[in-house]
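You will see chain A twice below: alongside chain B first, and alongside chain C after that.
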Partner chain A sequence: MTNNSETKSVTSRRGFLKNAGLGTVGGAVAVTGLGTAASAQSGEAVVIGGPIQMTGGGAADGIEFKQGLEMAAEEINAAGGILGRPVKIAIADTESGGDDKITSAGQRLIDRDGASALITGYNFGSQIALQNVAADASVVYMHADTARAHTALVGGDPEKYWQSFMYCPSEVYYGFAYLNYIKNLEETGQFKGVNKKIALVTGPIQYSINIANSIKDEATKYGYEISLYETVDAPTNEWGPTLAKIREDEPGFIVVTHFFPGDQAQFMKQFLTNPTNSLIYLQYGASLAAFRDIAGDASEDVLYATNIGVLSGEVGSDFAARYTAKYGEKASPNGGAQTYEALHMYAQAAAMAGGVGEAYDDVQNKKIADRLRGMIYRGPTGSIRFDPKTQQAYSYPVQTNDPSLGMSHIFSQIEKKEENGKIISPTPYSVKEFRVPSWIKM
Partner chain B sequence: MDAILQIVITGLTLGSMYALGSVGLALTYGTMGMFNMAHGVFMTIGAYASYTAATVWGLPLPVAIAFGILAGGIVGALMHLLVVRFMLSRDDFQTTIMVATAGVAILFQDLILKQFGAYPFKQPVQIEGMFRIGNTVIAYQSIAIMAMAAVLIGAMAWLLTKTRFGLAIRATAMNQNAAKLMGVKTELTYLQVILIAGTLAAAAGILISSLASLSPGMGTNPLIRAFVICVVAGLGSVTGAGLTAIALGVMEAGIGYYFGARYGFPVMLGLVILVLIFRPAGLFGKQGVIRA
Partner chain C sequence: MSRFSDLQKNLFILAGVLAVIAALPLFITQRYFLGEIVLFMIWASVAVQWNVLLGHAGVFSLGQMLFFAIGAYTVGMMGVFFDISPWLSMPVGAVVAAVASFAIGLACLRLDTAYVALLTFAIVFMVSSLISTDAECFITEGGLCTPLFGGGNGFSGFGDLGFRKLLKGKWILGNYFVVLGVLALSLMASIVVIHGRLGLAFRSLGDSRVYAAARGMNRTRFHIIAFVITAFFTGLTGAVYAAHFRFAGPSLFEFSNLVFILGMIVVGGLKSTWGPIFGAALMMVLVELAKSWGDIQNSLIGIVLIVFVLLLPKGVAGASTKLFGFLKPKRKPSA
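What follows is the complex of A and B.
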């Protein structure tokens, strides 16, 4: 009996590493650590807490985050768990709310559910709430808030926030990347705007505001001017007044950084009733299946970008196929991939560190944090490598020219409403050329 | 000119949805002194019921709309039979009923979440297409929203003013004991009032979701707006709620255009504060009187 289980365990751990797409230095370390540390670990389940927005405006993503965690946990468990301990997922709903909801959800997961780590996609609020919960409880916290607030917080006090990791770059890069991209489109003759005006529409969430501001602040350096800066509420279903302003002063480019997929879908539907000759870029929300589902035909030709989206190529395509096979065609691999790869990365770091630490065990959890800081993990959305000072993933091509050393900032365009957008930049992940949107009559 | 026309169209569309959402709330308060915190979830139920009928069961859209509206009324009636009627005679009814209906709202919202999940489904009850007046494009959906609101609110106004049924409601609102002495079955009247409020809320939910998407929490925002409208109009004033809703819808659209979209709702809230200070009974309201 014992022999059987040991044999099964060794085989399955190899399978786990294979499934996780790990062919890195970290993988070798984890394998060597298995034999000694595994015996020290009990068979008790490791609880991973997911403080996730399961209701409210961010729920479309929240569902994917939950599924990503569950899928990763199933794979890890099928391969023998983390050094023999199965992974159990506990979810607490942050209700798309502010810091009060987010903090209490994180605290509940630790105190009530016994979470050893907190892993999520993004939440709203100040985006520095869960770092404090994690710091107080000495648990590893991994998130994709895409928030400059994280880098400022962790970079400012690394002693306190050793446990908090943002596994994607901050939103500040969206501004540079967008301006770079449209300038390149014009310079290479792929697109010529009717003018150099950019109409910016942002929302009430800090993420949206920061991206809009980064475009606003840098636009003139790239030769563009901001013709409209509009802030809308969430939700915004009736876009008439905003569209009237856009139509009165036709811009060559429209950027909507308010990222709720339902609101973006309504924007497109109402825009297309009387379109201007504007290239439309929708921040993030358009990458979700919910956007295409609601917008229908109006989703086609829209541009969007994400710095944590599923890439083309073997790892990304394999994940996307397995994810949609498991959760249906309406599921969005872009969302699920985030928590999926974060949990796999955490599991490998914990294995390399000799096991999972419980809450308030800062000795063991610091070992895991050290492994995370030193790892390069190649998941469906690219390579996660943390800046050791800010514990934020590096961005490719903004911070590094090597796609194997940074998360790719990808631009995509929706070709068909039934399919996810196709990556049009950067190389080596682009699979399609940019096409001029059908509503533009130049 | 185009901008003004756009503001008017947007404002009337918003106002029509707000009106449908708020007159039911005003009716229940005016008749029963009950501020129904579950009013928002009636909207959600209507939206999900019509979605289910059209998408899951494949029924024709008119049938799906009727089913959604009916579902709101049935749930309202059930809430009355299972919760409200047992609390009517309590001295602190106005306070406790708010807590009780808030509980009902949470229960239904969670049940919907459990059944449908949080995926923002598309409401199939939509009319594609548009026409132009000058350079302004008007969607058939906006016209349908205005028409549906006008028909339902008009029907309710007719019921309240031209029928014995409406007379009974108004009599009950003025003085329950006197109405009883005159032979009005006030318990039945209350049931009918909540049923009507439920159907109107469900209709509002269908219309709102046709311009947005379905989500278990979709009734929260409209409930807050309906509350604002009722306070400005005067709690209990049905006609006032309808007129105020239209006015606030147009005002919100105008503020959105001239000052920025983000200022629309804050200005509405500011208006509530001013009304509460200078005209506590509201622009149309008189305490304890229902006016059709």
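What follows is the complex of A and C.
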């Protein structure tokens, strides 16, 4: 059975090193307990706290983040733990809520569960709440909020926020990366828009607004015009008024930066009842299995991008196969991979630093943070290398032209509703050519 | 006859309750629990004010979280746009909430109960939607867009109460006592209203609106007074919430917050003086226990509410009054 063979490959140390992508900077040796400081560490479990949205609007991703942490913990424990200490995961639900819920969840994990570090995917709220919790308790905090707010906060006060790391680039790169991509599609003759109009639909979260605004601000430079700028509430299932405006003035391109997968799925279903000749780009949400699950046939041919998605190639494909074998075909490796690789990266850094620090132990935790700043970690979503000033992962190809030194900003297109989207850009990860969506009849 | 009036007795009890809460940090040192007590004090203050309005004045308003949010947003906006300390913006937040409540009160409080509830809820929903869907950048700093009312993310990271610098690792104690101070003011105001002349007016209006009107009492006027007073203290509580969490965002308008606080009043006992405080404490403990049980939390709150509405409609306060009445030795009828 597939499951059994997967389990075997996980428990084999060689397989683990390969699968987890630990072939970086000698970290694997330290993690498995052969480091000199191993004796200094007790056999007591290391608690990793996951302040995660397990209920509410962000729950579809939250479940994947939890699974990613659990899978990584199992692998680390099977390989001997962090310098002999097993890893235990504690989760606190942030309820897709504001900073009060997020702060309370983070503090609870530290004080009640004894978490030595906080690792999560993303949370709503201001996206700077947990950095303050981590700073007050001197614990390492790793997240994928994709938030410019993190960059500004950490870059503005690196002394205070030495412990907070965003293991993906911020959202500001999405805007011009999108414009660059559609311009390239047109210039290379892969697609010809019915006109140069872009209809922009955004949501209430800062992430969505920042991306929409960066497209709006740059559009004219790339030869496009914004024909509609619409903000919707979240969650939203009724797209009638927005679609009526789109249909009234047919755009060549539609961009939905409001990223809730369920809302995006409803958008596609309602759009296809009377489609316009527009190329549709959905921000992030379409990368999740929940989107395909709800949208069904309407998910096919949708274009999306993420700067933290599972890549093609040995490491990414292997992870995706093991993840879906473990959690089912409807599980989303794109979500699970995030916390999975963050925990592996933390484990390596802690091992190299001589062990895990407890909360409020800023001496040991600063050593771990130093290791994180100096590492390059290759996980299923690409290479995580932190900008030492902002502690945000570099972006490829936006900030570096070397794919081994930055997290890939990938464009994907959904071919079949049963499968994850196929990467269509950038090289060397693209596996398919762009195809003109079936609803476009020109 | 007792030497002390109801007002005096309740003020003595208040002193005792505050002394107990003030002493808690001597025994509880974990930051998480201190943070949860801070949250308890915040929600208790909101519940106490809502109880005055709903239970005593008989105004069925669902707009309390709007006034809470106005207080919080005032601190957030003054902090982000003008770098003004929360010490200055907190009282401003309370005043802005009171002014807003006066305007809303004039529009709503001439109506009957159900319409007041509908209209106040509609106003909250409208304001919340307007804030959430406002994507226009008011200021942009380093690629970070901040709409005038904060948009979907709200305001965060503004100046705190200053205790982080002063008390270092024990900063939460400073915040703890500031929030306790606000709770004290809120409780004191509620006691004065309930057991003073205003409370008397509310009781007479509740007993017979027609008779009270015949005696020259203007119902709308008294309702607006209650609306403004409770909005002032609810706004002040929202302001201290923002100062503590350094955050004010649209999540404050969420319906679940409204139900949670209403739950505190129902569990504690509507129309009582101290019920909402006990209700707030019980609900906080319940939520804390439910956190360990995963996704059951919201269902559990719902079940508790149903149980109280059906079996203990007067809440803990009503049940304890009944119990004391039952245990109290009955006086033998004199011959």
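The rule is short, and it goes like this: the second predicted complex is superposed on the first by the 414 of 442 C-alpha atoms of A that agree within 3 Å, B and C clash if a C-alpha of one lies under 4 Å from a C-alpha of the other, contacts with A are read in each partner's own complex, and residues count from 1 in each chain.
The rule is short, and it goes like this: a residue touches a chain if its C-beta (ideal position, glycine included) is under 8 Å from a C-beta of that chain, and two chains touch if they have at least 3 such contacts.
Note that the structure is predicted; figures quoted are calculated from it, not measured.
Enquirer: Assess the superposed three-chain arrangement around chain A: do chain B and chain C clash, or do they fit?
Expert: In the arrangement built by aligning on chain A, the partners chain C and chain B clash.
Enquirer: Taking the superposition on A as described, I'd like to know which of chain B and chain C A:249 touches: first, second, both or neither.
Expert: A:249 contacts neither chain B nor chain C.
Enquirer: For A:231 in the superposed arrangement: first (chain B), second (chain C), both or neither?
Expert: A:231 sits against chain B and chain C alike.
Enquirer: For A:108, is the partner it touches chain B (first), chain C (second), both, or none of the two (neither)?
Expert: It touches chain C, and chain B stays clear.
Enquirer: Kindly classify A:290 by the partners it touches after superposition: chain B alone (first), chain C alone (second), both, or neither?
Expert: The first partner, chain B, only.
Enquirer: Please indicate which partner A:433 is in contact with in the superposed arrangement: first for chain B, second for chain C, both, or neither.
Expert: After superposition on chain A, A:433 lies in contact with neither partner.
Enquirer: In this superposed model, does chain C or chain B come into contact with more residues of chain A?
Expert: On the superposition, C touches more of the residues of chain A.
Enquirer: Please indicate which partner A:418 is in contact with in the superposed arrangement: first for chain B, second for chain C, both, or neither.
Expert: neither
Enquirer: Once the structures are superposed on A, label A:100 by its partner contacts, choosing first (chain B), second (chain C), both or neither.
Expert: It touches chain C, and chain B stays clear.
Enquirer: Touching A:55 in the superposition: chain B (first), chain C (second), both, neither?
Expert: both
Enquirer: Could you look at A:204 and tell me whether it touches chain B, chain C, both or neither (first, second, both, neither)?
Expert: Touch status of A:204: both partners.
Enquirer: Going by the overlay, flag which of 61-69, 115-123, 187-195 or 277-285 in chain C ends up clashing with chain B.
Expert: For chain C, the clashing option is 115-123.
Enquirer: Could you tell me which stretches of chain A are touched by chain B in one complex and by chain C in the other?
Expert: 54-55, 204, 231-233
Enquirer: Sort out for me which residues of chain A touch chain B in the complex.
Expert: Where chain A meets chain B, its residues are 54-56, 59-60, 62-63, 204, 230-233, 235-238, 240-245, 247-248, 261-263, 265-266, 270, 273-274, 290, 293-294, 296, 330.
Enquirer: Can you check the complex and tell me which residues of chain B touch chain A?
Expert: Touching chain A from chain B are residues 2-3, 6-7, 9-10, 13-14, 113, 117-122, 130, 135-137, 139, 208, 211-213, 215-217, 221, 253-254, 256-257, 260-262, 264-265.
Enquirer: Which chain C residues qualify as touching chain A in the complex?
Expert: 30-33, 35-36, 39, 129, 132-135, 137, 141-145, 147, 151-157, 169, 171, 241, 245-247, 249-252, 254, 291, 294-295, 297-298
Enquirer: Provide the residue numbers of chain A that touch chain C in the complex, in ascending order.
Expert: 54-55, 92-93, 97-101, 103-104, 107-108, 110-112, 124-129, 132, 136-137, 148-149, 151-153, 170, 172, 202-206, 208-210, 212-214, 229, 231-234, 360
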